[in-house]
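For reference, the structures are reproduced in the following blocks.
Below are two complexes that have subunit A in common, paired first with subunit B and then with subunit C.
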Partner chain A sequence: MLDTLRFIITDSLNLGFAYGLLALGIFISYRLLDFADLTAEGSFTLGGAFTAALIFNGINPILSTFLSIFVGFIAGIITGLLHTKLKIPSLLSGIITMTALFSINMILMGIGKDSKYDSVVYLSKLDTIYELFSVFKLRYLNIILLNFIIVSLVTLFCYWLFGTEFGMSLRATGMNQKMARAQGINTSLMIIIGLGISNALISLSAALVAQANQSADVNMGIGTLVVGLASIIIGEAIFGKRNFCNWIISVVLGSVLYYLIIDIAINLGLDSYLLKLLYAIIIIIVLTAPLIKKRIITLKRKKKNVEN
Partner chain B sequence: MKLIKRLVVMVCLLCCIFTFTACEKDDKIKVGILQSATHSALDSARLGFIEALKNAGYDESKITLDVQNPEGNPSNMQLMAKTLVRKSDIVLGVATDAAVALKAAANTEGVNIPILFTAVTDAVDASLVESNEHPGGKVTGTSDINPVSDQIALAKQLKNDLKTIGILYTISETNSKVQADMAIAEIKKEGLEYIERTVTGVTDIQQTVKKIIADGAEIIYIPTDNNLAKNIAIVGDIANDSKVPLICGEENMVKAGGFITFGVNYTKLGEMVGDMAVKILEGTEPKDIPVGTLSKDQCNLVINTDTLALLNIQVPDEIMEKATKVKTE
Partner chain C sequence: MLKIENITKEFNLTGAIEDRRIALNNISLDIHDGDFVTIIGGNGSGKSTLMNIIAGVFPPDSGNVYIDGENVTKLTEYKRAKYLGRVFQDPNVGTAPNMSIEENMELATRRDQKKTLRWGFRKEHRDKFIKSLASLNLGLETRLSQKVGLLSGGQRQAVTLLMATFKRPKVLLLDEHTAALDPKTARKVLELTDTIVHDQHLTTIMITHNMRDALKYGNRLIMLHHGQIIFDVKGEEKNKLTPEDLLKKFDELENQDEEELNN
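What follows is the complex of A and B.
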């Protein structure tokens, strides 16, 4: 039993930190910029496909992971340009980039192979960053440690960035675009760069996931948006958002919590067709927890008032 | 402080959950199955595997089965793969992505249990085994590589003056592409023309089928493609209207509205990997068991008589005699 508990915790840390970067990326577009960015599903696959293709062709894994940040950034910038310069509605511009990325990803994964395109790259015979960074004997401990270091650095960077004048302008743009423009902020530029940063983090997240899984395939982005949004909402509900520092950490921990919930559900030994129902119920409980807490507090107050 | 309090409460909750669900310890053999999605062919393979174990005496009194299905969700697949490799004595991956996930999970967790696979088209390409004859590691299984040359020969038998065969598959499925390439090579060898068209999902199937027929495909060949298997009825409706026969990769596609197949019987494929599992449980090392494929006489010739009536074509008697006849389900 203790073993199961330990494994559940390590698993959720393992996936939670990697997908925590995804949650941070979606947090930037969805919460800070107030922009429903559907590029995420495409840029996630892009990050995985790009990194895997580079490693497959013998490029250093560390360099490949680092470069994945830039391709994600470019994907985000394209969505931003479509929205701000070509005046395409936000949802649609995300969908357009996501659709285009499907083809790009197929081409990327075909690099160095016989055919022009492919839908999957396997890395199990090649070294990934986790093989280069082997502190422990067990691979999953290395994954947890390295992912933790990366996600901490990125969170710190985000905390610093969104406290600078640039970051404040970006957040102001998300709060009230007209007002921000009246203050002399170039809102178009803020949206473009904001989406760039958001997708850069999403792409980095996928680069880590692909290397941990030792494969990347064209469907790996499916459902990432849901994971990201759920992580944000769960994190906010459980860990709160009293100030920016608290908020940003909540988002990352929300992702860990999301995988904790799913892993518990899997380990309960339910039939797999029931799992989704269970996820839904657990998420409802998590979301309503703050509401119930409020009710209890007001009830207590009323009692006190009556006693007085 | 508040955060710590909350964390403590959560850990306590977790402990509670596990005291309730603490798994009973017993000396049964734990068999884990990871199936990548619900799909008639994969279901057949899984059931065949369980059946073969049962026939060899490994029934519920001796083994506990743990079947996991992430329904195609990649991150859940990772979690399930990890859970299975830790808990089980032997695991089976149904379909390529599940097998790859299990192998990666075993590597990540540092677990050294036998891993079996079934319904994998090219195990070497997927880095599951070193070679089909000598798997090398702890991984072996059965491959669903199709008798593509016989399927193309079937097309020639159906239509004497055949000139052009259309090939239809989903672009994101590697397994389909491998078979499509084999089919193209075979068609070229026969001196026929081919038209290759791919779909990306569900929405573009209709137009693509119409286009391939308009371009002059007299017969359409569809490999064992997961996306098209699910949506074969859409393809069937259009093709039958235009009197174009569909040669499918496997039986379940024929039952769902395709026309004819000479292909892998997934139940038998599953039974074959089940027999391997029995061998491993009785002491054989996985590295000594070559990757299995079905021989020609283990493949099924299946024809859909409902579709035959719609197509209104003449099928040679020898095919009709040999074929198992099914109706659209």
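What follows is the complex of A and C.
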């Protein structure tokens, strides 16, 4: 019992912090830019596949992790360009990049192997950043600590960035493009760079997940958008969004909480194939919660009126 | 200050001939420094198209727009923003609803600048914001950190007006900016507009549906019809006009249209 509990907590912490970066990435596109960016599903796999492929081929894990930020940024920029310059609708732009990335990810994972393409890379006997950063004897404690440090630094970076003139302009673009342009803001550029930053964080998140799990596979990105959204919404509902600082911390913590729920479900005996169904149900519940709350309040009022 | 030269704009150019619509038909206009021009005209007369062409929302099919001597015809909307202050008909359009009053105003202080990675809030700006908000007499000076989305339509238009004129624009564009407000609030916002325009000696273009306002404010009146300027009066001549004169003009135009249709 105690072991199970320990597993649940450590696992949700180590995945939760890594996926916290994903949640921040989705937060930037979905909440700040008001852009439902499906690139996420592809750029998550991209980050994992790219980093794993580099490490597999003997590149330094720290360098590999840094480079994953860069490739994610490029993926986001492509979606941004498709939308702003070629005028393709936002949802479709993301889907196009996501689709193209599937092939790219297969190519990446085949690098240095007998076949040209592969759908999986194993890192089990290789050093990852967590082996290089060994403060504790237990690997999972190193993962938790290092992920915590990284997610804290990135959250701090986001807080600073979105308080600058550039960040303010980006947020204004997401809220009201007409107003933004009237205030001299290049809205296309804001969308392109915003999606770049968003996918850079998503890619970094996957680079950490792949190294923690010591493997990357072509399906690891499926459902990431939903995971990110659920983390955002759970975080907002539980920890609030009183101001920007509070808001982004809520998003990261929401991710930890989300994995706590998932881990509990798995330990209660939920088959891993049913996880995606659980994802979908969680997000429906969280999305409709405010609606149901409103209903209950109005029903209560009606009742009161009838009684009176 | 603002010169419009042979501007033509047709919508639905790629559509069938019967769907084509000429919004502006070879319009030329010269507005001098410090002029306050009111523009009236029926629906589909081309008022809003003219405003959008000046602001760069879309390019004209032909013709040129000059602001202070510079040809801005090819400048995109956001690049032109450094010269223009704009207030829109819909109070929701002028501000970012989920940002605080202070953040909105901070954005307005950089309308003519590159958006850098410097911190977005300045202490010295805050004092100026408080001062200018206090001049509105709406009690907004103590609510700097409140989200603009929580303000009423009139309050939002007043804030948008401050934002549009915080950095002195070469031309102030008012696109029926009081049409969505109740009469009392509309009056207040118009009075405020007039004060700001006079204090800063701003070159201003105001579209309005209200004949009385079109005559009361400004020193020049322009009437548009079917994408052409059909009436243009200044100074004394404008002061002599009454709302009835304008209504009569509108009726004449309508009769003309009907005759054309019958022929």
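As a working rule, the second predicted complex is superposed on the first by the 265 of 308 C-alpha atoms of A that agree within 3 Å, B and C clash if a C-alpha of one lies under 4 Å from a C-alpha of the other, contacts with A are read in each partner's own complex, and residues count from 1 in each chain.
Keep in mind that, in the parts below, a contact is a pair of C-beta atoms (placed from the backbone, for glycine too) under 8 Å apart; a residue touches a chain by one contact, two chains touch by 3 or more.
As the structure is a computational prediction, the values presented were derived from the model and not from experiment.
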item	value
Partners on subunit A (subunit B, subunit C) - clash or fit	fit
First, second, both or neither for A:172, with subunit B first and subunit C second	second
First, second, both or neither for A:181, with subunit B first and subunit C second	second
Subunit B versus subunit C as contact partner of A:267, first or second or both or neither	first
Subunit B versus subunit C as contact partner of A:164, first or second or both or neither	second
Superposition-derived comparison: subunit B or subunit C, residues of subunit A touched	B
A:133 touches, of subunit B and subunit C: first, second, both or neither?	neither
Minimum C-alpha spacing, chains overlaid - subunit B and subunit C, in Å	22
Footprint of subunit A on subunit B - complex, ascending	3, 6, 14-15, 17-19, 21-23, 38, 66-76, 78-80, 82-83, 86, 97, 100-101, 103-104, 107-110, 125-127, 171-174, 177, 181, 200
Residues on subunit A engaged by subunit B in the complex (per definition of touch)	1, 4-5, 7-8, 11, 15, 19, 102, 106, 115, 117-120, 122, 124-125, 137-140, 143, 209, 212-215, 217-220, 222-223, 227, 238-239, 259, 262-264, 266-269, 271-273, 275-276
Subunit A to subunit C touching residues, read off their complex	161, 163-169, 171-172, 175-176, 178-187
Complex interface listing, subunit C residues touching subunit A	55, 77-79, 81-82, 84, 86, 88, 92-99, 103, 106-108, 110-113, 115-121, 163
